[in-house]
């Protein structure tokens, strides 16, 4: 029964607010450690790739942000679906706070992907690259979600309608990804095929894992911070918020 | 660093910039709603009790 | 893609009719979140294509027709309109909902109809939660809001026929049109009617459903004196015939004599 | 099943009463397709390579336009409220409305697209595959546009936002459609793309209406 109790305790805003507050410093510390270690490993320790030289070091930034964009979207869709089915405000709050972060990291993945493409393919934007195209579609899905949510004035309706969009979106993400994948193999120019995933040796892989953990911790930290802001936004007229704020600031 | 130093550092630079921007945005978001909560104060309108009258 | 292929072949092999099947497969299958607790009516569709005994036989011994609201609390736009509303309406009783503008009359009626959800408390019809009613119970409830619900491109008769078919009402259209004094306008498109006439057509659409529980929101607006008298006579007839009605209105005095309880918001 | 036919009949009658709206989405498709040659050179060789793409993009855009007011007109005059409260499951009602609008906007598109394809110098033997692809794609486009219409039913400027929401989800249809036409033009067999379009059609026709019904129910709250 522990799980159900824990699950329903997530529905009470003060509990979630405290939980997020306690988690913030842990996530921040974890992010700092792993990011510094990963960056140092990636830039200095890892050997240059025989084919792409040092240009390949950009994957230590491109791959984690792309992964984070996807993680944020899936997290947003599941928490929106949970909020929709069990009518939990906190789950909608989590979806709201995950959306801008996901959009920013997807944008970051596009930019770093473009910069990585310049030395490799000679152009910043390579339409034929399946990864960049599905990243771009993911960014549009994020922006669509944020724009739709902002265009409602009643928050309850904004939550539930954008939850449906998130669920429909998350079903479409794999379909879009595979269709773009097939499309790029259809139009694959010779230049892209040989420069695809560089063969990753062990000492190249460890910094990448560090960076992945660091990015995820960073995402967790900002997610908790935004979630706290969102809870205050939703519960600003309740007693516990007033005591919390009055108490803290008095 | 080979000829790609410019690209590598610009990529890391942009990543750092976006990260710092997000940290600042998250803390400002939290602070904004904290002030808004201070201004709003308690919910004054507590729900009125409706009266149900029997008409014989 | 495997999902689609399974779904695809499964779909092609057993579908009697695509729409009915999709509701069935999704009620049972892996998308409860999308199906959003579909009303149990999904299975017992109208022409009872399932081989089991028709539900009508079972529902004859159902609980008495009672509308019950317990500690209803309704919020709108972050403000609490009212809380702790309790009332019970038995068969043959009429409830009048009165109160100033913005006191939540319309929101209360929408909650009673099951369209909106109350922040707290519950509304039950024949002992079942209002937003989880099955086919038979939903046929017994009719809601008439501010908007008429008429298509202006259709004629009066077409609108009435549509609502008669969709809710399989038994009320004969001919005498309904005579009662509403709309017979001369039967073939005119609704767009050419006045607001009062449109209101009468809308009330006709509500009556054609011959439901047990009427939820009327300001039925007397735009109606002339004779129209108002007709509506109050309908309501008292309906109550004497064992029906229930919840009417939100500003003209308290014209309906107060038929009412048995009054809810002041 | 009887409710499905009832709503279908009602919406078709409604659409033919307001036939001018039918024509707009079809003319929109033709106009967009005819803009492209004006934008670039009209020689045959160029037209043939991007002809398929032009047709598919204009089909996408005209499907968005056709279904923009699908739920809004009913929501404004209150009949959507009555439909939500009617005993029939809302998914069936929404499926009926989508089918009605597909008949009104998808089928004429199906008839006009081959003519335009010919005007874009598409080889004659590639036509049957192109028609099959459009026939399979229009239901998907109608369902996706209907979900967009359901999500924005209470918003004023709903038209533009449906494009932003739903176009990324129409990318697979665009990709498989152009792939099928290109394969047909070059003569190798397009079955892969057509089968994928068919499976997408089944997925969207079975899940789409439920998502749209959920959105409408929330909008009517």
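Here are a few things to note about the model shown:
Each chain gets a letter, A, B, C and D, in the order it is written, and its residues are counted from 1.
By our rule, a contact is a pair of C-beta atoms (placed from the backbone, for glycine too) under 8 Å apart; a residue touches a chain by one contact, two chains touch by 3 or more.
Source: prediction; values computed, not measured.
No other pair of chains shares as many C-beta contacts as C-D.
Chain nearest the geometric middle of the protein is D, using mean C-alpha positions. Centre-to-centre separation of chain A and chain D, using mean CA positions: 32 Å. Separating the centre of chain B from that of chain D, both taken as means of CA atoms, is a distance of 38 Å.
Once the centre of each chain is set as its mean CA position, chain A and chain B turn out to be 16 Å apart.
Multi-chain contact residues of chain C (touching two or more other chains) are listed as 1, 34, 36, 117. Shown for chain D are the residues in touch with two or more other chains, namely 196, 200, 207, 211, 214, 221. Each of the following residues of chain A touches two or more other chains: 167, 237. For chain A in complex with chain B, the residues that touch the partner chain are 39, 43, 48, 52-55, 57-58, 61-62, 65, 100-101, 104-105, 107-108, 111-112, 115-116, 118-119, 218, 222, 225-226, 228-230, 232-233, 236-239, 241-242, 245, 249. On the chain B side of its complex with chain C, the touching residues are 43, 45-55. Of all the residues in chain C, the ones that touch chain B in their complex are 73, 79-87, 99, 256, 259-265.
The residues of chain C lying in touch with chain D in their complex are 1, 3-5, 7-8, 11, 17-20, 22-23, 25-26, 31, 34-36, 38-39, 41-42, 45-47, 49, 110, 113-117, 135, 138-139, 141-143, 145-154, 158, 162-163, 165-167, 205.
Interface residues of chain D, counted against chain C in their complex, comprise 1-4, 6-7, 10, 13-14, 17-18, 76-79, 81-89, 91-92, 95-96, 196, 198-200, 202-203, 205-207, 209-211, 213-214, 217, 220-221.
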